[in-house]
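Quick heads-up: structures coming right below.
Two complexes, one shared chain (chain A), two partners (chain B, chain C).
Our next item is the complex of A and B:
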């Protein structure tokens, strides 16, 4: 199942994901019109400054499984979309009890008026992994707009694999540059190979 | 296997749902004392103010969807563990292989005359319907609320919004057990601003409900008598354990359970407001009757019934107030060192012991609440972060580089 992978080391804190998110969850889905909408569209991803200078962290819903917010919702307003593995809030069922925010260890649930909820009151709102875009085969808006690949959309196993590959390549290039003699095979390798060939012959006979 | 669940509150419903999620053959029977489909107590207020049926949180088709036998309006009068049966009001007996006690709690009123008719409460949908019925019919124009805990305050606000003249008795201070004096004072100011008349201290020390046939007024220790069209008691909760008398199932305040939520009797489990469990943080035994605890306990019982040895982590001591106009959250203890910040209408208080968060109170802005709770439950040493904990920008950006080290 695909998810948005966050790489905080790459984030430069430009906040374009916040803008893209707010626009995607506006009524017009257009930046220039969204600015004038009531209620004002707001982002569901939050770029926060990091602990050290020049670091930042784009914080969003992890769509946990099991999801603590879903487990404590007293009206069943929070459910999981099984097809896309997305935890979604139905604001029309929300009673703003704030239990979900109390148990969310990632602090990604906010309360405000949302255009999709016709109740005229604040309700719990969080990232829906751009479920509408995903149904159209598009990647989430925050990922599309991210210029530094701090947000990547894909299968977590595939992403981890490609990261491991990148690391291996970097390490081998780096060690090669420091010790040019290393890539040559050490004498012990030659000996082992010879022994392998000889024992192979024994087995083949 | 035949599983009998007594009670259709959040705990009972969660047991049934979790069982069905993992086993489509187990035979489940659920008994409810109420005439309705399962409902969610925290959502009752919303239902009464807006008419939205959000309180029927699992839908009207709950029983059919899950394929369980649901018997509404059924009361258990006795449990006979030796025969593996329960006796119902009316004399019928039902057999079980495993029994789950999820009978919740009822109003607890340690005030003389509490048995008189005419005292309303908000402990069940039926009780709340009666209360609201009096308001809607116009029979009640004024209300007197005894008790100023979370539920007492919510009822006061609800009735004030419905146009009643509301008086609330606050014996010591608002939500004493969950809030510190300063936060308590803020809440008091807010409910008064919403038009609730608050009587405090000696003027609010209720000792008896008075009236001939029906309770009509409340008498204070000072001798003062305060009357209203509608008397509402919100004085606390007592687990429903009377029917267990003589069954051999051990009870104290609630049903005593071990860390697998088993009672002392074989094949009998308990979950929700009826179960006396332990605090996840202090280990202290108590009944902390909130929705998240009931659901978490229901899940643990179901896992153990399915044969998966699962221990309960312990109950959470937390609550939040919805209808105040400002969000308010109270989690954990109020002991140790206090870190405090006030920014306009926003107030944040963190309680630290040995550089570990043991509780917090947030008013106005509840952001980062989940992070505080997570750090608290993990007993994380927040020493290096302490000067940032109350920073308005404190959040995952602060915590992640710190925990990654």
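Our next item is the complex of A and C:
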């Protein structure tokens, strides 16, 4: 099982994943044409700010198993693609009842007009894990566009393993015991984030 | 990735060197572009603003997220501010170059420089007349001092109108007056852009853009024109001259020195220093057959135009030329010099020598240029290069044989070739032998296959009897492609071919460096004045198929504002604002009589331009082809 794994500490809030997602789900798949399309292509990933400035989290469908949205959908519009383990919505079967949105633990189901739906109405829209791209052997568009590795694509066990290793090294660095030169987040980046936290605290006074 | 690298460049010399870079794991501009992709959509659309510390802000182009920055600026204002700042940066680069040359003219006139003289006294006298300086009974030095002194005020605030703006046709000047975009002072317009785009000043996108246009005019009819005209006075007005181009101009048995950048001041001195018999002897004593200077980019163009200096290549060649292993020194002045040249040079013996205090490169040798000690500095640099010759590695790769090309078509040279008047050209256009003229200009950009945009567009235009004038990287691309010899007339349509053969000129005329786009403005104004119309009535167009630089944004804008339709090959960062796009690609027609188009495919750009030219011919009552009948390729 592969998923889009989020490293929130690395997210810089550029929202490029949103733009890339909307372009990937446009008719033209081209940024400059997509902005003029009707209906407007919409992102299926949402970068929301964290508690303090300079923190953010890219929120998207986690393709739960069992998926509450799928369980409650009265028309069978939501199914699981068995090969790639992706929860997908068939907009043409959607009756826009919003049940899926109500039970979604992550609040990532929205209602928009879609170029792939014949009826002139809004339907439930969410991340499809870039199923078309995955079939072509590509990673999801949000992952490809993320230049800071806040979004990575892979097996969560593998990712967690390497992350755990990184954490252990960071702890070593923190204690100053072993290799002080081992990589941390860049100092300027940490300072940038620190400013966010400090200014937030000042404002809470 | 393909083994041939034909997808990255259409130039054979470049293809071979890119493959070499790939095999040797030397990072190039193409690798870095790949690492940057996909690039930020907000920035690409012009929707990010970092002008103040309430931000940075961005506007969601798809409508869900924020539609205004923290200050309240919407997409229109943010895109307009960013575009205006881009134009100001480009105009400032050209104008600061002009100022440096002008300062040198003044110092030469007062006898403070060791290497320069007043070369074109006739041009100096013509400039004196334009600037209201009495030339009668004055020595060239005295006249030059007075002209330079007056010209310095172009950069100031005492004028209501730039002196060179008087070169534009009367209806064009009246239009600029009416629109309130007559350029007043070069520095003034640029500073005003920075002021207006500060938060809370100009909050109307149309008003911001009008001033941005005025700023571009202060470049085209100001800073760049100063650079061109004063360079002609100091170094000579170009006349047709034979030269050669591509990486084959490097000589394996010579000390090779590349002159790279835009300002010809030091490079002009270098040419003389390299002729010094003592240095020639020194080179031979180190085992070299001689000293070979080659040009890169617009410094190369400046020297190729005046003395036929061989041209190694354009913008995207600057890293590849070092990889030949045959380059002892790369002398750089400023603009378009990638910081990466220092890194590439680390793999070879090449010494990168920076020369301007305002343009330093970490890791390079810095020898500050001073016009007052010009010749000594030139000799010092040539000596360093000679002494570096024995450090050359065993592997020298010179990938091609050079191609012949002709340069040197200043306006004076073109009018001279026509017999002293624009009449023969106007007659040929009126009769339809030549349908019109197009300036193919601008940079290289790794997003467009190197040189492919320039050469393909140029070929299609000359095939269809359209005279092409070129500057900058476009000139190098077309020269390397063999389009710039008199024999290339064979590649032109029958009408243009006959005219070129009668005059013994190429169908593609080299008009110089990127500041020399002002020569194109002067030529367009001369044609308009001859016919008694505005420039916008003429069957002319501009194209920048591979542009990358902020200078190109300024050039494109002053060309359009001067009344010439311009097709860009690369998207400017404006597509986040449909209002700005509609204005620049359409609405401007009703304002300045010309507009922009964006078309990355040079085959299609050629058709857009041909349709435009036939439309203008129709407007002038000349024989024309119905524009819509020209078929757009699929």
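Here is the rule we go by: the second predicted complex is superposed on the first by the 171 of 205 C-alpha atoms of A that agree within 3 Å, B and C clash if a C-alpha of one lies under 4 Å from a C-alpha of the other, contacts with A are read in each partner's own complex, and residues count from 1 in each chain.
Please note the rule applied: contacts are C-beta pairs under 8 Å (C-beta built on N, C-alpha and C of every residue); 3 or more make two chains touch, one makes a residue touch a chain.
Please read all numbers here as calculations on a predicted model, not as lab measurements.
Overlaying the two complexes via chain A leaves chain B and chain C side by side, clear of any clash.
In the superposed pair of complexes, A:105 makes contact with chain B only, with no contact to chain C. Contacts of A:52 after superposition on the shared chain: chain B is touched, whereas chain C is not.
Using the contact criterion defined above for the overlaid structures, shared-chain residue A:74 touches chain B, although it does not reach chain C.
Within the superposed three-chain arrangement, the count of touched residues of chain A is higher for B, of the candidates chain B and chain C.
In the superposition on chain A, contact is made by A:36 with chain C only, not with chain B. After superposing the two complexes on chain A, the closest approach between C-alpha atoms of chain B and chain C comes to 10 Å. Here chain A touches chain C in the complex through residues 14-16, 18-20, 22-23, 31-32, 34-36, 40-43, 144-145, going by the rule given at the top.
Residues 10, 40-43, 45-46, 50, 52, 54-55, 57-58, 291-292, 295-296, 299, 318, 320, 322, 327, 329, 331, 366-371, 373-374, 388, 393, 395-398, 400-402 of chain B touch chain A in their complex. Residue ranges of chain C in contact with chain A, taken from their complex: 38, 40-42, 44-45, 58, 60-65, 571, 575-576, 578.
Those residues of chain A that touch chain B in the complex are listed here as 8, 46-52, 55-57, 59, 71-72, 74-77, 93, 95-99, 101-107, 109-111, 119.
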